[in-house]
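Next up: some structures, all given as structure tokens.
Across the two complexes that follow, chain A remains constant while its partner is chain B and subsequently chain C.
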Partner chain A sequence: MSEFTFCSVFSIDEALMKLAQEPGACVVAGGTDVTLRIREGRQRPGLLLDISRIAELQGIREERGYIHIGATTTLAAIASSELLAAKAPALYEAANRFADPNTRNRATIGGNIVNASPGADTPPPLCALGAEVLLRSPKGTRCLPVWEYLLGPNRTALLPGELVLGVRFKPCPHSAFIKIGLRKAMAISVETAAVALEKDENGVITACGIAFGALGPKALRAWNTEKALLNKRPSNAVLAAAVAAVGTDIQPRDGLRGTKEYRYSTAGVIFERAFLAAYHSSI
Partner chain B sequence: MLLHIILNGKPITAEIEPEQTLLSVLRNDLKHTGAKQGCGVGECGACTVVLDGRAIKSCTVLAAQCEGSEVLTIEGLAKNNELHPLQRAFIDHGAIQCGYCTAGFIMTALALLQRKPNATRGEIQAAISGNLCRCTGYVQIIDAIEAYAAALGEPPAKEGL
Partner chain C sequence: MPQFGDGNKTDKGFAYINRSVPRVDARDKVTGRAKYAADLEFPGMLLGGALFSPYAHAQVVRINADKARALPGVRAVLTFEDIKKEKSWGYYTYLSGRLRYRGDVTAIVAAEDWHALQAGLNAIEVEYQELPAVFTVEEALAEGAPLVHENDPECEGNIWSHSRYKVRKGDVDEAFAHCDRIIEREYRTEPVEHAYMEPEAAVAVPDSTSGLMTVYAGAVNPYFTRRWVADVLDIPRAKTRVIQQTVGGSFGGKEELMGLTAARAALLAQATDRPVKMLVSREQSIAASTKRHPFTMKYKLGVNNDGRLQAFQVEVIENVGAFHMHEFMNFRASVHAAGVYEIPNVKVDVYGVFTNTVTAGAMRGYSSPQLIFGSEQLYEETAAELGMDYMDFKRLNMLKPGGVNACGQAMDSEIILPEILDTLFEKTGFETKRKQYAAQPAGLIRKGIGMAMFYRGCGLGAESPDASAGFVCVHDDGSVMINSGIVENGQGMKTSFTQIVAETLSVSPDIIHFIGADTHTIPDSGITAASRSTVMGAQSVKLAAEELKAYLLETAAMMFHAKPEQVELKEGLFHLIGVPDAVIPFQVVCNVHHWTGQQAGVMRWYKPPALDYSMEQGGGKAFPTYAYGCVIAEVEVDTATGEVDVKKVTCGHDLGTVINDKIVEGQIYGGVLMGQGFAVMEKLVMQNGAIRTNNFDTYMIATSMDLPDIDVVLFESSDEAGTYGAKSVGEPATEGVAAAIISAIKNATGLHIRSIPVTKVELKALLNRQNAEGGSAAAAARE
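Up next is the complex of A and B:
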């Protein structure tokens, strides 16, 4: 007899009720991470709570100045969204570099941020875009910036009994994402950079968000690099200062996919590429 | 627990465990062994089947989540002892060697061409990027899929950037 049980829920309220009854329940959306945890014995037996049938958690919409993406929206839906291609190209590009098309058919954005792998592909663009995670518990809904929600490898600010509803952020057409992977498909990132910015009619940067993936225990917001660019009109000197600041924002480690030295020296390069793509995007 | 799916057009009921993957149910309980277990962790694509019209890696899908779904496997393709034209194309183009990956490639290609019959060569390459073949290389496989797409009769869309 299996030590697991399974239950599909059809509304957010029903999910919260089940989570309150079984605090150790494992929420399942696409299952691409949970099935691996079960296989490798890393998932404590208990309730597998299927949220994939909750209609309210699915889809991408623009409303009152924000783009909302429901937690169980698949990476495939994000990778083929014309809205995101135009208004959040950094996230659109990250979704298109995520695993492979068949994995994207199941994997969800909620799962990617709940799992909180240091090399996850969607947190850096979400951090750069200034995205917030929406968390619901019986007490109500709270919003946390993605970089505060992420605490470290596989650790987040999600409390027991809480459910991730989705993410929201303001449109940012001038955004871009660059990933270094060891191959084109199914590549866990060696490192990633995401840049989102606004500029005025003179080309001066009036707002910017920069984030890196796989260069620390979680997606890192690059505060120093942002400071080096804010209220500046990009020149070679400004860009060189920003690239120098990258080294102070990241905490790369030696790993299977790259050495610390490699990551230090390439982080500036992918930042620069992402910055130029974001700055010069014609949208 | 009981699982109800439409497997290759036929309604099927199976007694499953809550934590079983779709691949495990197909192979061990329903004796449909066309989908292979290669890596078991979603890396190789040998277990690819079509779930509600989309190609997915059945080793990373919980079977219990497939309740009421339509599942298409390689066993569902041949009709009246005639191979499906896409299977035929794989043979004709030498796109099979050991055969372990073949079912996965065919199911991925089928889902792509059902949604996009005029897929370009580039789109075919992108679609199969999560399916690994360690024998033939990929050229024959892409040729086979392209030839089947051409036989479907819709001209390929202009190759984009």
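Up next is the complex of A and C:
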């Protein structure tokens, strides 16, 4: 561990002021990623700015057609939210498959997207749900779709002095998430798939978002796979075409947790399982 | 039916063993009161640390510690140039300029605090010359391969000649020439991390007045740790004291790096004349501590068309890493290589090969988990080749009472394996399920059931003297104190020894107190390993308790004005036999015993009868007795993702006499989890000799979520060799689990797996290949 100053702030404005004063400050909430980086010597921040006590950044609420989740909402809160279980099951499931109860009690959704690990569990469902990240700086607030906010491994569009307020997305009861890990809990993803869709009374897919985790440098929107499904009624042939398209949407690599071969030969499987779960879920 | 449980089906007539009593150390552990070495603080204590090698094989060209020594807070820096003795007891190096794996250390630092220690380690200037390295057995045995140890009389090239063990029975060549079929197969296993929760830690406390060096450590074997410390300081054992702290898990692993850590802490304590605490980080522990030996097993099997095994030949090659002190493991390996089968002609050769990888050492099972996987798969493949049901094949060839095992030992004690098999098969519906699953229609999720049967020689056997010291004494208040040269490693021996003394004296275990391990209190009793503690190690405390009881009976007899043979001690009361009201409490007799100056303490030595085994000939009586076991595993394989969900594991073990059934069950639950990890989860990823899976986020031990249902069936048998007839179980608990899981995967998918671990990534690759070869899983699964 290196030495650092730890400072808690209690409002968004106070946080922004501190960030302006100390450009090298590292924002921390649950600390499950930051303390790890400090322990491994990958980061030596002089100031840790604790935002976990800012009340405005916490909580899950539905407002004017959107679900808002504050940046410092814990994964445990998401994993036990009845609202999300009903209206965003993909995110709810991802939170339930996230690490273990101890980590979920500390880790926050804001931290999970700021850290921008290619294998992070919440970005794929957020991408599939079409979520936007809300960013605040002294100049004002801006919104970015999650897949544009994420740039690559540990890289995001977050500007210096800017703070992640949270995410928002429209409810999507027909959504699902599948994760492959090397064990049933406390496992960083080998790969994940999230599917969110809307269908009409004839079963035709009228909107869909599909995203993958750990199958590229960041959570990937599966544009080709989505195209193969949009405005179609899923038959075996349609589904086969969509599964075939998965291979064109992902950029898997050999890594510590899985091989390129493994990922190519199973990404279609988890997509199909997520799709079937989302499509057949009853509202 | 000698089955323990359900109202204690076997009643051996014991009062204090053969039942569960609470663990004597449970309360301290669950309340956090137990002290581990890392918890200790001493006035003036410094922190020590080590500079590990950044290369798998290198020579230090130049090392300069001047800058490090000049730093504030740094109190001592010792490089390999500063110490008299580089090579350690046990063939490792304390500090060295020739680095043979990434666990080697060039320098150590003692500093006032963590920051000063890190600064000191970072300020040591080292210039390395990287040397060509060998990582696999194949690379190490190739012509012209770089040598891990040059000019070493114990080596032929990279082969560790000292580690060669063999078994010879009959004439395999003759049998191969005449048998109907010959099956040749090769199986492999990979290294396994012990994954104890507590990494190595030691505190060395010097006393410059007496010259005594005291080391507090979570040492699995304090007497071995003492050797390292005494050796590096060049002081007598009698001036070296190791006090064992609570051990946070070992499984055979807290030995070499533990000893080296204690020795390095002691060097720094000697140099500074201050207490030094040395902590090993998780990453350092995984990089430098030993692993379960990776085995390459090359089999040749001769069999007749009727299924009768004629000849068994195997060459077992171990990658021992850069250093080694476990040549004796190969004795055990050679004896157990063919499994619990009767084969007339046997030829086994076992040897280790040095490489520039992490070193191999003892790990729960000590060769058996690897060998049982290899041989049980071999027999399964052989039965398939013969078109025989594999249980028919196994039953036909299994070792039976009165038979002769693979190393030529006549089996003169009870063999309850058939009973274990019958009970477990009935409990699980094994034979029906096995056939059903083999014929299940093609589908994504496929069920499988598999089994492994095995035996284990109890205690150290002919490997080395299985001797130990035990001490029992009574105080004037009637409390009893016991001590042993065998130590608590978390396995529960303090509790089982307490129960054994309670049984022998016939007093409640509640009044018995175990001292704990301090090398200054009792003679070296060898390693606490090999599942020998309760079976053999407890014999000495039993003898001591018997002798002490005789003295107490004399005192009681004096009080009764009777002869000792007219008195008995029963459940805490002395009785005058035949006189119902003539009773004196234990405590009262102890008080009189003390004040009349009678002998109140006894230390006894136990050494089991000699065995008749010849290492040179490779055969004979290898172990006093054997414990038998069978594991049945049930799995579901997701053929689309390669995931193996281990649903249920049923374990049947021959305990001889159960001392404490709850402790045994706990051992077996843990053993199942370790076996599951070995089979399908725990993959140690190495790159150029560096372990990339160096913490538990990447090295996958099973979590409680991965735990299958575990059904434990304990069997008892009659055998005189162990304490009160007890047999080994600590290691058997894990030995057959991986083999049974792999057998179940075979049943589910038709795949004969020849290398473990097979994680979902490897299994999916095998399934992809199976698909590409055209055979559907269903077709291949049919036996």
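In the analysis below, the second predicted complex is superposed on the first by the 280 of 283 C-alpha atoms of A that agree within 3 Å, B and C clash if a C-alpha of one lies under 4 Å from a C-alpha of the other, contacts with A are read in each partner's own complex, and residues count from 1 in each chain.
The rule is short, and it goes like this: contacts are C-beta pairs under 8 Å (C-beta built on N, C-alpha and C of every residue); 3 or more make two chains touch, one makes a residue touch a chain.
Here the structure is a predicted model, which means the values were calculated and not measured.
Undergrad: Does the superposition put A:K199 against chain B (first), chain C (second), both, or neither?
TA: The answer is neither, since A:K199 touches no partner chain.
Undergrad: Once the structures are superposed on A, label A:F4 by its partner contacts, choosing first (chain B), second (chain C), both or neither.
TA: A:F4: touches chain B, not chain C.
Undergrad: Let me test your reading of the model: by the given contact rule, A:E261 touches which partner, first (chain B), second (chain C), both or neither?
TA: Second partner only.
Undergrad: Which partner does A:A187 contact after superposing on A: first (chain B), second (chain C), both, neither?
TA: A:A187: touches chain C, not chain B.
Undergrad: Please determine whether it is chain B or chain C that touches the greater number of chain A residues.
TA: Result: the larger residue contact count on chain A belongs to B.
Undergrad: Please work out whether A:S52 is in contact with chain B alone, chain C alone, both, or neither, and reply first, second, both or neither.
TA: First partner only, chain B.
Undergrad: What is the contact status of A:V269 with respect to chain B (first) and chain C (second): first, second, both, or neither?
TA: A:V269: touches chain C, not chain B.
Undergrad: Going by the contact rule set out at the top, does A:P101 touch chain B (first), chain C (second), both, or neither?
TA: After superposition on chain A, A:P101 lies in contact with chain B alone.
Undergrad: Across the two complexes, find the residues of chain A that touch chain B and also touch chain C.
TA: 100, 184-186
Undergrad: Report the residues of chain B in contact with chain A in the complex, numbered from low to high.
TA: Where chain B meets chain A, its residues are 1, 17-19, 21, 40-43, 45, 48, 51, 54-57, 59-62, 64-65, 67, 108, 126-127, 129-131.
Undergrad: Hey, which residues of chain A end up touching chain C in the complex?
TA: The touching residues are 1, 3, 100, 180, 182-188, 190, 256-259, 261-262, 265-266, 269-270.
Undergrad: Along chain A, where are the residues that touch chain B in the complex?
TA: 2, 4-6, 8, 28, 30-32, 34-36, 38-39, 48, 50, 52, 76, 99-103, 105-106, 184-186
Undergrad: So in the complex, which bits of chain C are touching chain A?
TA: So the residues of chain C in touch with chain A come to 114-115, 640-643, 681, 685, 692-693, 696-698, 700, 702-706, 759-761, 764-765, 768.
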